[in-house]
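What follows is a set of notes on a single structure, which appears directly below.
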Amino acid sequence: MKKVYPDAKSALDGQLFDGMLIASGGFGLCGIPELLIAAIRDAGTKDLTVASNNAGVDGAGLGQLLATRQVKKMISSYVGENAEFMRQYLSGELELEFNPQGTLAERMRAGGAGIPGFYTKTGVGTVIADGKEVKNFDGQDYILERGLVADLSIVKAWKADPSGNLVFRKTARNFNPPAATCGRVCVAEVEEIVPLGSLNPDMIHVPGIYVHRLIQGSHEKRIENRTTRKREEA
Amino acid sequence: MWDRNQMAERAAQELQDGWYVNLGIGIPTLVSNYIPEGIEVTLQSENGMLGMGPFPYEGEEDADLINAGKQTITELPQTAYFDSAQSFAMIRGGKIAMAILGAMEVAENGDLANWMIPGKLVKGMGGAMDLVAGVGRVVVVMDHTSKHGESKVLKSCTLPLTGKAVVNRIITNLGVLDVVPGGLQIVECADGVTEAELRAATEATIIN
Amino acid sequence: MWDRNQMAERAAQELQDGWYVNLGIGIPTLVSNYIPEGIEVTLQSENGMLGMGPFPYEGEEDADLINAGKQTITELPQTAYFDSAQSFAMIRGGKIAMAILGAMEVAENGDLANWMIPGKLVKGMGGAMDLVAGVGRVVVVMDHTSKHGESKVLKSCTLPLTGKAVVNRIITNLGVLDVVPGGLQIVECADGVTEAELRAATEATIIN
Amino acid sequence: MKKVYPDAKSALDGQLFDGMLIASGGFGLCGIPELLIAAIRDAGTKDLTVASNNAGVDGAGLGQLLATRQVKKMISSYVGENAEFMRQYLSGELELEFNPQGTLAERMRAGGAGIPGFYTKTGVGTVIADGKEVKNFDGQDYILERGLVADLSIVKAWKADPSGNLVFRKTARNFNPPAATCGRVCVAEVEEIVPLGSLNPDMIHVPGIYVHRLIQGSHEKRIENRTTRKREEA
C-alpha cells in the first residue's frame, strides 16, 4: 500500500466529485493545504461544501475556490479578510453556516471519532442554538451539535513518514489534526517526507491510520498580519 | 476618562498569579503590556498555543507562529502547542481562568454581543462564543458609548448575542461595573469621571 | 478439524494489504504469525499503539511497552503511540478495517457474547464492546463447541451481549461461516470435517 | 505559582476528602501513579469512587487502596488480575460500574472538554445501554454517555517541566492524558522534572494548564505478563 503520490493532482485522482463535502485544515493562511486547494481548483469540481475555520483571502487558500465559484457552501467560524467571499455571500450566490470555532473543531474531532452528536454550552441562548435540541445536564442547558464526517479531508503538515504519520510545526497545527480524522479519505500535503523510522513514535501528532495519501511539496507561506517589535525595545 | 492604554492597564489589575488567560483582539491585546509585577500569567491563543510571547523582532517573523488575530508572535520557555480541538477542549472545559474581550453591547444581565451586525458585514464569531461560554470569568473592555454617544451598556442587547448572561465585569473608558443580581454595580469611576456622569452614560439598571 | 494454529492461519487469510487490524487475546494473537506474503497489515493495540511488533528478546522487555493483553512487546519503524481516548476515537470512528476476536457465543444474527458469565467471575469487557461497534469488519475465532460438546454457534446468545448484530464471519475448528440475512452461510469446512458434521455441531440456522 | 512539590504527601495536601471521585491514569500496571496511590492509602481517605481502566493487582496500583477498603466504587472496563477486588465485589463490599474501555476514555476526555454528554454506538443492545437514552442518528441507534468530571486526577508521566507540561513514554501514556484533563485538580507524578525550556513545545502531550501540582519520584515498574522471544528466533 503506497501512500506517497508524486503530486497533488495524482493524489486527488478519483477522490473528487461534484457536491462533495471537504474538510480543510488551516487557520487563516497558517497551515493550509495550498497545493491541494490549487489542484481542486484545476480539477473544476463544483458545488462544494467546505468545512474550514476560515475562507482564505482573495487569491490564496480557499479564496482560490471562491474565485472560480466552485464552492456552494462554507462551514466556518470567521470569514473576514475576503472581499470576494463577502460579495458572493451578500449577493446570495454562496451559503454560509457559521459554527463557533470550538464547535467546528469538536464537530470534526467527533466525526472522526464515531460520535454523531455531543452537547456543548457554546451558543446556548444565541442564534447558533436555533433549531437545535437543548438538554439540561445538572441544572445547565446545553445544545446538541453533530459530528461532521467529510467525503475528503485535505491537510497540511510539516513532516510525514511514508506510513502517513504526521508532525506539525507550531501554530500551523491548528485544525489540521481534527480535519484529518473526519474525512472518509484524507490527503496530506507535507513539507518533507522523511524515511520510515526517523520520526519519534512518541511524537506523532496524527497517526498514519488517518492518512490515505501523501504528497511532498512547498508553497509560499504568506503572513496575514506581520507584527514585529524593534530590537531597541528589547 | 481613560484612554485605550488606561483601560488595558485597569483590566490588567484583574489578573491573578498563576492564571491562564485569553485576551481578545484590540484593547484586550494591550493588557499584556501592563501585567503587574509579581503576577505570572500564561496567555492562551485559541488557534493552538499556551505561553504566547511578544511580537518577534523584525526579520524573525515565522509564518507558522501566529496568534488568533493572525499576528506574528513568539514562543516562551513554557510554550506548548496543540490542535484546535484540544484548544477549545480547554476553553470549554473551564481551564482558562479569564477571558478579556471587546464588545459591541453588554446588557445588565450579562448578555454580550460582539460578533455580528445584521445587514452589515458579517465576519463571524470565531472563538468568542466558546470563550464566553467556557472560561471562568469574562471581563469586557470597551468604550462606554458609541461614536454617536449612545450607551453600549444596555438594559438588553439589540444585536445578536455572543453569549447569554456570561459577562462578570465591564471596564469602559468611564469606569468599572460588575454584573450582579438585579443589574450592574459600580465598582469605580475612571479618572476625572463622576458617578453621575457614569450613570448618565449607562442605559442599564445600576443598583448601587 | 483445525487446531489453534490452523484456525489462526485461516483467519490470517482474511487480511488485506494496507489494512489496520486489531487482534484480540488468545487465538487471534496467533494470527500475526501467519500474515500472507505480500500482505502488509498494521496491528493496533487499543492501549495506545499502531504498528505493534513481536515480543522482545529476553532481557529487552520494557515495562512501558505492552499490548492490550499486558504482554511485553516491541515497536516497529512505523509505530505511533497515542492516548486511550485517541485510540478508541480511531476504533469507534471506523478507521480499523477489521477486528479478529475470541468469543463465548455467537448467534445467527451476528450477536456476540464474549465478556461475562453471570454468577461467575466477571472481569469486564475491556475494549471489546468498542471494537465490535466500531471496526469495519468483525471476525470471530473460537471453538465450535464447548468442552461439553454444546454448540457455541447459536440461534440466539444466552450470555450478556458484547455487541448486537456485529459479527461478519465465524472461524471455528470445524469451518468458516458468514452471517447473512436469515442465518449463517457455510463458506468452507475445516480439513477432514464434512458439511454434515459442521451442520450437526451448529445450533444456528444454516441457510445454504 | 509553584507547581512542584517535594513529595506525594505534600502534593495531595488539602485535596483529599472522604467520598470523593478520583480519576487515575494507567493501563494495568503500565503508567500508574504508584506514589500518589500510596500517599492516598497513607492518608486513609475513605469511601472513594475511583475511575480507572483497571483496579491494579493485589498489592500494587489501586490494589493498595482495595486492600485497605478505602474504595467504595470502581468505574472500570476490566478488573481481572485482582483477587481481593473479586472477593470484595462478590461479597457486596465494593460497587462496580463497568464502562467499555473507549467509553471510559471518552467520558474522561469529554468531562475535561466541557462536554456533559456524547452519543456512541458502543454498547447499544447490551446491558451497558440499560437506563441510558437512545437516539437515532441517520438510521443508526446510539446511546448517551456522560462526561466524567473528577474531584482529583492522579497521573503518571515520564517528563515534566516546572510549568506542568507533561510528556509520556510509549504505551505508558494510555489513560493518563484524558484522566489529567477531567480533574478539577490534577496531580502528576513524573520520572524527571526537566528545566523550563528543555521540552520541545511541539511535543507536549498534556499542556501545563491541566496540571496543578507535580512531584518527581520513582517506583519499581512491574511487568504483568513478561513475554519474550529467544534470540535464535530472529
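For reference, chains read A, B, C and D in written order, and residue numbers begin at 1 within each chain.
FYI, contacts are C-beta pairs under 8 Å (C-beta built on N, C-alpha and C of every residue); 3 or more make two chains touch, one makes a residue touch a chain.
None of the values given here were measured: they were computed from a predicted structure.
Colleague: Going by the touch criterion stated earlier, list every chain that contacts subunit A and also contacts subunit B.
Modeller: Intersection of subunit A and subunit B contact lists gives D.
Colleague: Select, from B-D and C-D, the pair of chains that is joined by more C-beta pairs in contact.
Modeller: When the contacts at B-D and C-D are counted, C-D has more.
Colleague: Using mean CA coordinates as chain centres, what's the subunit A-subunit C distance in Å?
Modeller: So the centre of subunit A lies 35 Å away from the centre of subunit C.
Colleague: If you average the Cα atoms of subunit C and of subunit D to get two centres, how far apart are those centres in Å?
Modeller: Here the centre of subunit D sits 27 Å away from the centre of subunit C.
Colleague: Counting in whole Å, what is the centre-to-centre distance of subunit A and subunit D, each centre being its mean C-alpha position?
Modeller: Centres of subunit A and subunit D (C-alpha means) sit 32 Å apart.
Colleague: On subunit A, where are the residues touching two or more other chains?
Modeller: 106, 109, 113-115, 120-121, 168-170, 173, 201-202
Colleague: Of all residues in subunit B, which are in touch with two or more distinct other chains?
Modeller: Residue numbers touching two or more other chains: 75, 81-82, 88-89, 91-92, 134.
Colleague: What kind of graph do the touching chains make: line, ring, star, complete, other?
Modeller: Per interface graph, the chains form some other shape.
Colleague: Give the pairs of chains that touch; include all such pairs.
Modeller: Final set of chain pairs in contact is A-B, A-C, A-D, B-D, C-D.
Colleague: Residue numbers of subunit D touching subunit A in their complex, please.
Modeller: 106, 110, 113-121, 135, 137-138, 140, 142, 146, 167-170, 173, 200-203
Colleague: For the complex, which residues does subunit D have touching subunit C?
Modeller: Its residues touching subunit C are 27-31, 53, 76-80, 86, 89, 96, 98, 100-103, 105-106, 108-109, 120-128, 158, 168-178, 205, 221-231, 234.
Colleague: Within the complex, which stretch of subunit B touches subunit D?
Modeller: Per the touch definition, subunit B meets subunit D at residues 17-18, 20, 40, 42, 44, 50-51, 75, 77-82, 86, 88-96, 134.
Colleague: Any idea which subunit D residues touch subunit B in the complex?
Modeller: Those residues of subunit D that touch subunit B are 1, 109, 111-115, 161, 163, 165, 181, 196-197, 201-202, 204, 207-210.
Colleague: Over in the complex, which subunit B residues touch subunit A? Could you list them?
Modeller: Contacts found on subunit B: 45-49, 54-67, 69-73, 75, 81-85, 87-89, 91-92, 111, 121-130, 133-134, 160-165.
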